[in-house]
Amino acid sequence: MHASEDFLVIIRHAPHNASWLREGLDAALVAAAFGQSVRLLFMGEGALALCKAQQAGAPGQKASLPTIDMLEMYDIDQLNVPVRTLDELNIGLESLVDGVSTLTDAQVNALFSQNRPILNF
Amino acid sequence: MHASEDFLVIIRHAPHNASWLREGLDAALVAAAFGQSVRLLFMGEGALALCKAQQAGAPGQKASLPTIDMLEMYDIDQLNVPVRTLDELNIGLESLVDGVSTLTDAQVNALFSQNRPILNF
Amino acid sequence: MDYGLLVMGAPYSDPAPHSALRFAEAVLARGHRLTGVFFYHDGVHNASSLMTPPQDELNLRKAWKALNERHGVPLDVCIAAALRRGIVSEAEAARHGHSAYNLEAPFELTGLGQLLTLQQRCDRLITFAS
Amino acid sequence: MDYGLLVMGAPYSDPAPHSALRFAEAVLARGHRLTGVFFYHDGVHNASSLMTPPQDELNLRKAWKALNERHGVPLDVCIAAALRRGIVSEAEAARHGHSAYNLEAPFELTGLGQLLTLQQRCDRLITFAS
Amino acid sequence: MTLHILTTAPNSDPARQVEQALNAGDTLLLIEAAVTAALDPQLNCWTQPAYTVWLLEEDLVARGLGNIAKKHRLATVNMDGFVALTEQHEQSVTWY
Amino acid sequence: MTLHILTTAPNSDPARQVEQALNAGDTLLLIEAAVTAALDPQLNCWTQPAYTVWLLEEDLVARGLGNIAKKHRLATVNMDGFVALTEQHEQSVTWY
């Protein structure tokens, strides 16, 4: 596996729900810091991580939105969400942070047909 | 809450999958040891705990079937499974241990309409 | 009323302990008594004195400890669930030949029977798990 | 071939570490090399030296340790995930003012970068999580 | 009357299971991941008349779904209201 | 060609997600809780021709589903076969 390939990190867990989201995003940031070109795919409840109105949780529970905002600084600008996920959650693109692009079923499928490193959270 | 009431323990987790099943059954045994009359309801994947052909898992992974067999010794003879659960899993009563009784949707519903202690695993 | 809480999720891996703590504060704020908290399943990790979150995050163990100090709430931890998961008191460490331990007062290792006792003594037992 | 494993589940709460161990044995039995195991998320609990399962159950930490002793497989544990969850080495215990620790060799606390390095060095990285 | 507390997303196993347990007159409280039910007013729990459904406000707001719940005119309680619900119901069951 | 490893029951979120990811020619390996798929030969994964599906024998037998899988003529691999599958596929993704 070489640095030039598109490194795919999949986020499937919602914010405030467990440390899966945070630990998945951390892995994406570290991959970027290692010089990989990282693409993030938010599937299922993972798309809720992009909800722009989200806040910190109960006292002491860290918000995850600041980490989403940090992605750009690490040159992670591919934030992909399947159209199917938005339909299933009944959430509109306008509720999400800027810079998210949607993918058709075929495009999601194609992401997995190319040989690249994948981490699935 | 008094000892005379029917204590309901709900098991919803499959064997070998986490300690939920084991820890749920332990709670049922302890309730019985405390003199409660315990009824067990196996919902969803929990019904797989009753599969009579199950064995120990990988080396060192404890089997849960012996615990199921122990229930009778603690006078826990109400092992209930919703018909709906068997249908959803596509599993027949003949694949389960002896002494299991099925419940209609209305009977499941009725279990929750009576005021009794409930532990849900 | 007398309330008891059953907590079955680990800090940081599960929102259940956060919810349980907020609920506990609200129970007391409404003038009820909190008869006890019982930690079972992965909830036993709430008792770990080695828990070391980043400085800007709540230390759940300290939050439970503060609840005990302010309101005398007993914090009972299921011994069978705890030992498997590496949560060990000084006495259990000695018994099993460990040279260290990570559970100390006000948390107490106890049998599952304590959960049944709590349920019988309380008007309400509320479960937190996710 | 060179294999790496990523383990993200806790013993007893999750079947993932059991599957990973059986897979590791099978990898070696087929003549491959096991370049390393990386423990992340709740997988960090595999390293706890206080883990005390009943005598008739496998002690997962000892099984990993045996794998290291027989085949020299490095056992790396993500430090950020571990500290939050109360898994602490002697050095980290000193740094954070704990009087005890529960992670020791052959387990090593390391940064998440080690996972990326493992992925780059291996022909195959297989994830175990449930 | 029972208070059912759901902590998982609307399409999860526990969400299906609690529907089997709910009786007429019961109350369903959605907390943690369950508050994402606010996104879809067509879900069964919002369209049936037999039991009452509440969303936990703090969890809703933390996930950025407060306005969506308001738009869909869904009922919320705060933590104090959660305790009040447990006062009113002799029995509670948590589904997770 | 990718090896997809599923560890959760057939009606779970990850089971739905892996179906979105599977390409023609891929392989799906069902382990741990996913082996309950053996109970229902009508499930999508058994009736489609595009990818190959295997059940992990040890996990099947531990759950008492070995005979049911045999009756339904479903393909199984043991742990050694699991490793062989990873040799044959340059890439693997675990869904949990």
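First chain written, first letter: the chains are A, B, C, D, E and F, and each begins at residue 1.
Everything that follows uses one rule, which is that contacts are C-beta pairs under 8 Å (C-beta built on N, C-alpha and C of every residue); 3 or more make two chains touch, one makes a residue touch a chain.
Note that the coordinates shown come from a computational prediction; the quantities given were computed from them, not determined experimentally.
Using the contact threshold fixed earlier, the set of chains in contact with both chain A and chain C is D, E. The greatest centre-to-centre gap from chain A, using C-alpha centroids, is found for B. Note: the chain lying farthest from chain C is F, by mean C-alpha position. Here chain C and chain D face each other with the same set of residues for the most part; over half of the interface numbers are shared between them. In terms of their C-alpha centroids, the spacing between chain A and chain E amounts to 27 Å.
With each centre defined as the average position of its C-alpha atoms, the distance from chain A to chain B rounds to 39 Å. Separation between the centroids of chain B and chain C, computed from CA atoms only, is 26 Å.
Within chain B, the positions touching two or more other chains are listed as 16-17, 19, 45, 57-58, 61, 120.
The set of chain E residues that touch two or more partner chains comprises 9, 11, 13, 32-33, 58-59, 90, 93-94, 96.
Multi-chain contact residues of chain D (touching two or more other chains) are listed as 12-13, 15, 19, 22, 41, 57, 84, 125, 127, 130. Across the assembly, chains come into contact as A-C, A-D, A-E, A-F, B-C, B-D, B-E, B-F, C-D, C-E, D-F, E-F.
Interface residues of chain A facing chain E in the complex, by the touch rule stated above, are 14-17, 45, 48, 51-58, 61, 63, 88-91, 95. Interface residues of chain C, counted against chain B in their complex, comprise 6, 40-41, 80-81, 84, 111-113, 115-116, 119-120, 125, 127. The touching residues of chain F, counted against chain E in their complex, run 9, 11-13. Within the complex, the chain E residues that touch chain B are 2, 13-14, 16-17, 20-23, 26, 90-91, 93-96. Partner chain D is touched in their complex by these residues of chain B: 16-19, 57-62.
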